[in-house]
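Each of the next two complexes has chain A plus one more chain, namely chain B in the first and chain C in the second.
The block that comes next holds the complex of A and B.
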């Protein structure tokens, strides 16, 4: 696969052409004084210098709410299969790592057609981080750069972008960039310098152990006082879940139409911090205490999910939960470090 | 099977929640396809004493209203409280913050305050007077949520009403948190289901859907400190819709 360089003007022309084609293009844009992924209708609105988006690009593989099937009451059901193609432009490496993890989770065991169909229809263009966000700790989680999942990797080296095609799909797209030149050694060196800088500096909070140490650390931390201490301030609002690129739990509800004979089955994001997340038949709630739910999220990230995907830690260090938590208690680094102190 | 008979009644309120039902517009035709609306003062002139589902809008502020609600309850199989006034007393409970209701009457109505029809007691939500089967929250209610709850009941399904805070929907919609602007927002303790229109419009949550079942009120002091706000700031926001 090719590695080339393009000027910023050439890249903008490429984006403009994409936007004007019949292809749906999603990219990062300003939203007030923050950033969000949204459908791109103007190449000038694309902001590859963003720090972090309010929600991760997860919303394009697992939307906030989606219809799984349409049914007749006590009759036939028809699965709804998403098939919209899109180019997702400007995903940061830590978010790419999160999508890679979800790809594994949704394809293992019961293959999730809805998720996987969406995923297969997306062309992902990753861009290396230009502006670190206020709470990023990707360096601590080894996610400041990524090496798989994307079709194209883009790195801002100042006056130009280094563009690496990683798949056939990516290669085909790169071929449409007018003026792309084969990257010289000096260009890839510059790219390496950007990535090495990110590996060192996307670290506003420092985890005092290797991510791979977390499952063992948590093994002994179930009754640690930190869970109660932190959860005292927890509103159980699920903001930490909502903004998390690796939280993938959902709730399923049936909705009936006005004819009272047909309806649809919909799934929407759920969150393990919400008070009724673990309520089951008979109205039994097996995680009724705030502290139990608070602990559960940190166990999911550091122990339970890693157990399903070869030890990969399900926290990618984006820092969104730290910013989103009204009570300022969600920082995973602070909690894991506290567990180490008293372990 | 004959269609369930539905009656809609109003008490102390602005009738805006009924108006939200009217605002269903063409969907009203769907509604009357599946139910017989036998009484609805805002939309028709017929009246009836026979109905299966009673929908109550407004809060209860007078002896005669309490009696009327009791009669409605005795006639209905299902009673639904519609909107903040009915579900929790709503804005009308603002007056409950005053000790002397006579003073309130005089302040609001002047010399007419002593007229007999203004002889009100402290505002009550419907469930402080009779048993309420379902609540449709909000000021005003959300027409789409109303429709979904009615359809669920008609097929014998327990309607889904969230017991999680507004933050869930607010975050899902990528609104910027009002606390980032050091504003008091009631979102973390107020029941969702509205889809967070106020934060989307750049305003804090005013709490019109009432508290979640288990709000973390103990957290208030420490959390407000983090934003240089006070518990009083929070309480003042709660007065509007969540007075006792």
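The block that comes next holds the complex of A and C.
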């Protein structure tokens, strides 16, 4: 596949053409003093220099709420197939790693057609990080760069972008950029320098072990006092779950239309920190203790989910949970480091 | 199934089954016999569950109570929430959405030739009945069959006619107890663990199958430990919130295990390092 360079103006023209086509384009835009992924209607609004988005791009593969099927009340149901095609522009490498993990989780075992159809309909353009966010620790998690999942990889090398097409879908799109030139060795060297800098510096919190050591660390930490200590301040609000690019737990609810004859079965995000997450009929709550729920999240990230995806750690170091937590107790690095102290 | 799904089936889409029989087993438990609309295969093994739904109300995991040696499928549904309340109002001919079967199974193969002891608390009898009936239909394949049943009160006893039939059989033993005494009850009074000493000599060489309310397991497992039953001979059938049934939604997790896939039937010795299990 090709590696080329384009000027920023040329890239903007490409985005403008894309926005004006019938293709849905989603990109990162400013939202007050933060950034968010949203439908792009103006190429000028695209901000590839963003630090981190409020919510991860997960919401396009696993929306906050989606219809799984439509039904007749008390009758038969018909699958709703997501078929909207989309270009997702400006995904950071750590978020790409998270989507790669979810691709594996939703396709392994029982194949989830709803998730996988959405995923297959998305063309992903990753961009290497330009501005580190206040709590990023992707360097600690080996996710400051990524090497798969995307269709196009974009790297800002100052006056130009290096554009790498990684798939046929990506190649077809790159071909539509007017003025793209084959990248010279000096350009790819500059790209390498950007990536090496990110590998070293996207590290506002430093994990004091290799990510791959986490499952063993957690194996011995189940009764560590840190769970109770931190959870004492937990509001069970689930913010850490909601902003996490690797959280994929969901709830399913039926909704009946105004005609009372038809309706939809919908899936929406859920969170294991919420107090009723494990409650069954009859009101028995199998994870009633706040500290148990708090620990469960950290075990999902460092041990349980890795057990399903060849040991990949299900924390990608985006730092969103650290910023979102009202009580400032969600920092995974701080917790994992604490476990090491007493181990 | 459609073109854009690459020929893959929608794992969340239920199939319709029709209620062909219904009766109340007690004040809160409804027994339904179902037949799949349009026929077709539905293979299950005792211990498995299905996701039962009524479009517009919701979906819930329910244990299969019949044996695959029977025609159709039987469920017992407690009136405990919005969905089950609606199902309780249904008549013969009404339809339920069914997905499944899901989950692990009772050790119907590895238990062959061995004695079976079922320890059932309350509606724990419901999934156990699947294996009990299966074993009775393959009677020569198994050793002695002992069924211990504890129920909260006399009025809540399940499958009374069937229990009376089992009681008359010479090739199985049924011991029952109720937690609170009653004028019409001449049998044992006390929780299900009080029946365990009565069959103690039997226990160490049997496969023990335990199902009941969450609180019951701890006490039954303590009694079995006292009776020197090896943990690998004990199977527990656990309840959790198996929302999706396919190992995705996360609600039924007990530590790293998914009850909907790794369970609901677990060999107790496999749960040694799973603190959330019991």
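The rule is simple: the second predicted complex is superposed on the first by the 343 of 343 C-alpha atoms of A that agree within 3 Å, B and C clash if a C-alpha of one lies under 4 Å from a C-alpha of the other, contacts with A are read in each partner's own complex, and residues count from 1 in each chain.
Here is the rule we go by: a residue touches a chain if its C-beta (ideal position, glycine included) is under 8 Å from a C-beta of that chain, and two chains touch if they have at least 3 such contacts.
The structure displayed is predicted, hence computed values, not measured ones.
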First (chain B), second (chain C), both or neither touched by A:238: first
Have a look and say if chain B or chain C is in touch with more residues of chain A. C
Identify the partner contact of A:229: answer first if only chain B is touched, second if only chain C is, both if each is, neither if none is. neither
Does the superposition put A:303 against chain B (first), chain C (second), both, or neither? second
Check the residue A:171 against both partner chains and state whether it touches chain B (first), chain C (second), both, or neither. neither
So, A:36: does it touch chain B (first), chain C (second), both, or neither? first
Between chain B and chain C, whom does A:213 touch in the aligned arrangement: first, second, both, or neither? neither
Partner chain(s) touched by A:250 [first = chain B, second = chain C, both, neither]: second
In the superposed arrangement, does A:278 touch chain B (first), chain C (second), both or neither? second
Per the contact definition in the header, classify A:326: touching chain B only (first), chain C only (second), both, or neither. first
With the touch criterion stated at the top, can you tell me which chain A residues are shared between the chain B interface and the chain C interface? 73, 253-254, 256
Would you tell me which residues of chain B are touching chain A in their complex? 27, 30-31, 33-34, 147-148, 151-152, 154-155, 157, 160, 163-165, 167-168, 171-174, 176-177, 179, 187-189, 212-216, 218-219, 222-223, 226
Spell out the residues on chain A that touch chain B in their complex, using ranges where they run on. 31-34, 36, 54-55, 64, 73, 232-239, 242-243, 253-258, 260, 269, 271, 274-276, 290, 324, 326-328
For the complex, which residues does chain C have touching chain A? 1-2, 4-6, 8-14, 16, 53-60, 78, 80-81, 84, 94-95, 97, 214, 239-241, 243-244, 246-256, 261, 275-276
Across the complex, what residues on chain A touch chain C? 68-69, 71-79, 81, 83, 105-106, 109-114, 116-117, 222, 248-254, 256, 263, 265, 267, 270, 272, 277-282, 284, 286-287, 292, 296, 299-300, 303-304, 307
